[in-house]
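Chains here go by letter, A, B, C and D, matching the order in which they are written, and residues are numbered from 1 within each.
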Amino acid sequence: MSLLSLEGLTVDLPTPRGNLRAVDGVDLALAAGQTLGIVGESGCGKTMLSRAILQLLPKRARVGGRVMFEGQDISKLRPDALRRLRGPALAVVFQDPMTSLNPVLTIGTQLVETLQAHLAVDGREAVRRGVELLAAVGIPAPEQRMGQYPHQLSGGMRQRVAIAIALSCEPRLLIADEPTTALDVTVQAQILDLLARETRRRHMAMILITHDLGVVAGRTDEVAVMYAGRIVERAPTRALFHGPRMPYTEALLAAIPKLDSAPHTRLPTIEGRPPDPTRRMPGCAFAPRCRYAEGDCVVGKPGLGPVDAGHEFACWHPR
Amino acid sequence: MAGFLSRRLLGLLPVLLAVSLLTFAIASLLPGDLAYVVLGDQATPENVAALRHDMGLDQPIAWRYLLWLGHVLEGDLGRSFRTGQTVLTAVTERLPVSLQLMVVAEAIGLLIGIPIAILCAVRAGGAFDRFMTGTAFSMLSVPSFLSAILLIYLFAVELHWLPATGYTPFLEDPIDNLRGFLLPAFTLALGEWPVLMRVLRSDMIATLQEDYIAMAKAKGLRPARILWVHALKPSSLTLVTVTGINIGRLIGGAVIVESIFALPGLGRLLINAIYTRDLIILQGVVLLVATGFVLMNFLVDMMYAALDPRIRHGRA
Amino acid sequence: MSAPLLEVSDLVVEYRVGGRIVHAVSGVSLGVRRGETLGLVGESGCGKSTLGRAVLQLTRSTGGEIRFDGHSLTAMRGETLRKMRQRVQLIFQDPIASLNPRRRTGDIIAEPLIVAGVRSRAERDRRVRAVMEAVGLDPDTVMNRLPSEFSGGQCQRISIARALVLEPEFIVCDEPVSALDVSIRAQILNLLEDMKNRYGLTLLFIAHDLAVVRAVSDRVAVMYLGRLCEVAPTDALFVRPAHPYSRLLLDAIPMPDPDIRPIEGVAVGEPPSPIAPPSGCRFRTRCPRADAICASEMPELRLLAPEQYVACHHPLTGS
Amino acid sequence: MAVLDATLDTGLIAVPAAEPATSRTRRRAGTLFWIALAWIGLVVVAAAVANLLPIPSPTDIDMLGRRAGPSGEHWLGTDGLGRDEFSRLLFGARISLGVGVLAPIIGLAFGGTLGMLAGYFRGRFETLVAGGVDVVLAFPPLVLAMAVTAYLGQSIPNLILVLGFLGIPAFTRVARAATLSLTPREFVTAARAIGASHARILLRELLPNVALPLMAFFLLGVAVTIVVEGALSFLGLGVPPPAPSWGIMIGEGRESLDVAPMLAFLPAIAMFLTVLAFNLIGDTLRALTDPRPGAL
């Protein structure tokens, strides 16, 4: 049985310009201990997808489909039951640790309250475990840090604190939503290392959401590519990078500047831009920008079909 | 923290100096010679000249300011030439009445405003929220003298529940004292709560959309803890400022309310000083009120630093 | 070899924040030759953007000199400086913030012409239309719209058009693509290359993304905490970096290739604060090769290989 | 009304974009907005044509017909001195609106300029301006207005001057805050990079962006000024009698609350509705202040 499975998940947001379908029928499964990368450009719905899994969508959002976690639909859970799940089962690391940590509470408070909300520990024990966690995520002088406020730490340290909080109750699934986008490249490498190490050590499943194909390449078991609210291709990481079937994935890979190409080589581009998500279109959402598009592409939406060895894609004319 | 405090205290000095200068300027540069005011219409030029000399009015203005400032620093704010009372006695006699009025009014305002703001923010856009924001918005357009009249009409003229005017010192009869204060304080509070409520509501709504609230939910904290610990503290910064500033500003409202309800407070003292052209009292009271306001602002800043560690650590 | 078009010598930029001095740029010397693209890379806070703005004297320098085409910009004031600025232009990172939200596109692009004293409305209109077409915008549809009606990529085109309309010789590109999605990024990078060829531009290309810099630059300068670490031809820098920091930057990039396993533990720590930079070599606190001399003596930029300059006591040689 | 001053200060500066306008509340604000505009239009027209209408003079005293009920001759009856209530309401609108609009114009002109210059040039000048604003704001505005009008003499021009002066600090704050937040934006740097002069940057780049918040604040300022003028007149320190001002009418009506409450309530309602209308329009404008960055 998979740890998490999404079945026909949709998220609709009412906007002044009409209904915005942020997530459009996503099916996805993740086994325990596996790491899944979700890649997509801004506005593709990857953040809404993660918020839907976490049940943290804005109130006005309408959700369809099911979010099955360990066999129960968590979108149907009562608030109490959901609360008990968050922390010990499901945890999250957000993009910007500056905004995801409360600026007026000390790091110690934010760590300890999480421990005390779920584990039967007294104050002293919670503090002891908090210090341990900070040390585990590579924060020097953890005792001192407990009394400090987020703004007194550097960006990388703040993200380590956020990770420590997320790990505090030993979750079975960690959702990391662009965890390194706000950080510098040398710090990004450290944070990605830390996440990889902890998922291995704790046999924890992780969904790593990012816009950067480079981030998922070396650190995930599987990758799903999102475009206009749908998953357009999903495959074991190596298969996806070596043999992308969906033209969007192919184009995305080609558009990245390579470290080994000569200067002043022209980059292959994807002309145009993603469709307006408030407008429903009958065919494949990528068709208007696709080099291989034919008449049938604008008529019907291709479904996500499995080919071999877990490689699935949504395209009428795959590569 | 000590450094922060001393820096802020040092910054107060020029402001207070400017406040004294402006007070003095208003009182002395305005038309209307004090000597004429004192002596009345029958003054002869000789009398006036003599009095001007006695009062030091023939000295250069800068010198007069320094003299006055010197007296002020010694605690001598002058003496009314109408009643013979010193400014200090007049103020100490009336200050408690105004303070009681302002504090009770602000407390009622907070008591109404805070719970409503929180309820509105939690269900922003809901029926209760829309009703209360609409009400608050309308209340903002009701000047205090209007609500005073409305309250008097309702509770004193029609229902006869509360006295329309009158003041009983607290020590004489606490019950009567409170009954007398109820209408005036409520009048001011009616204008206060919408301000406080709107400020807290919009800050709270903004805070509730922050990532750290999503994070707090994702950590599985209880809703009560999220609301009271994670959301309220960062949202209350503007509320603290407005509360502080408004306590100072209520003195303006107190002038009207005290004169309508015949309360012997600072506001009445001020307005009487204006009616009778009692410059010394006016100047003294204005100086004290403005100084009080500056000090109140200082306190607000300190509260701010206590609430927000970023300011405490010098990253305003 | 021609004389440099832009010559920065011993540039120092310091400013005060809350009573403390930030050492943003501390003694940087650099030349940009006519017609080349010099890439300037470094992490946030290394002073690369400050350097870019100092070139236009938008940030006044504290010491040193900047010469453009033989004229000292640092010595210029008032009217002469304003005239000179029209030969040097700037493209910003955030395409939306760099356009006035209340002015129409046509007016935004015409603004430099008005400031430069082009009186004739017809002449301005002609040149605005010409430059719009050059950057791939349709003048008739774009002219009367507000920036808020455009996507990030299109705003960046408008921004580029504004920089080009006076036909400058030199453009400082301050992270021009880092706010854009991968598919749009390639379009803008290609556009910059085209414009460079068409208008005979010299570019100072500031970025934190080494792969992007690789794609456009002839030479690359690496900056760390207000100082230059290494200046080298692009190929040399990417193939045999001589400064340990250049090496670290290269190793930290997440490669979009699943066969390259990320090396864990390549990066340690985070850059210290530019308010209190370390003595001697500023990178020594994170450098695996640091020893006593690095703390006591500041390394000067010296020639290591043809055209490859490095500021390090213990440069990497060989591979 | 002192309360309202604080609302203006903090309401506008501290929380410009925090209000989440769900589409429904927006639409509701839409209808209310037009009703408010219509009401103000009505009041303006009534005030403008008051002396052309076939109504009795607002100052003719008729001691025999005091506090008369509505009749063909006196549509809304007469006040405590037998003056026509309807006529006094219209002529009162003239004064309340006149003072209410003219005084904030002074504040807008001086405060707006001062604030923009301070926010743009920063440095000592800004410190000085900000300090001056703090000092003036330390004085309760109503008290200051009372003191100054008492000594300058009660006249409508004096009232406008004093209330206008008292509005300067608030306008300065708004303009400075808006300018401060705009100046570091890249489009201003871009203007400097093309060699635009300070004057051009202030007028072409900054002013169009500062104008809308200032305009919103101006409308809220009109509301506040009407209230302050009313309060001063109510206390007998504003518009000199026998000129009809809503404040004076409310003050006079208050004496006869027990026998003729309408004499206080009619001008009170007029004032409330007008102030509410200005607040509404100002607030709607404020909500629109930030142009949302376009496409999703």
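Keep this in mind: a residue touches a chain if its C-beta (ideal position, glycine included) is under 8 Å from a C-beta of that chain, and two chains touch if they have at least 3 such contacts.
Remember, predicted model here, so these are calculated numbers, not experimental data.
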| item | value |
| --- | --- |
| Chain separated most widely from chain C, comparing mean CA positions | B |
| Two chains joined by the most C-beta pairs in contact, as defined above | B-D |
| Approximate Å spacing (C-alpha centroids) for the pair chain A, chain D | 51 |
| Between chain C and chain A, distance of the C-alpha-averaged centres to the nearest whole Å | 32 |
| Chain centre separation in whole Å, for chain D relative to chain B (CA means) | 21 |
| For chain A, residues contacting two or more additional chains | none |
| Residue list for chain B, restricted to those that touch at least two other chains | 315 |
| Multi-partner residues of chain D (each touching 2 or more other chains) | 22, 295 |
| Of all residues in chain A, those that touch chain C in their complex | 41-42, 154-157, 184-190, 192-193, 196-197, 211-215, 217-219, 237-238, 241-242, 251-253, 255-271, 273 |
| Chain A partner contacts - residues on chain B that touch it in the complex | 210-212, 214-223, 225, 229-230, 233-234, 307-310, 313, 315 |
| Chain B residues within the chain D interface of the complex | 14-15, 18-19, 22-23, 26, 30-32, 124-125, 130, 137-138, 140-146, 149-150, 152-153, 157, 188, 191-192, 194-195, 198-199, 202-203, 205-206, 209, 238, 241-242, 245-246, 248-253, 255-256, 259-260, 270-271, 274-275, 277, 282, 286, 289-291, 293-294, 297 |
| Sites on chain D touched by chain C in the complex | 185-187, 189-197, 200, 204-205, 208-209, 291-295 |
| Chain C residues touching chain A - in the complex, by the definition given at the top | 43-44, 151, 153, 181-187, 189-190, 193, 208-212, 214-218, 234-235, 238, 248-262, 264-268, 270-271 |
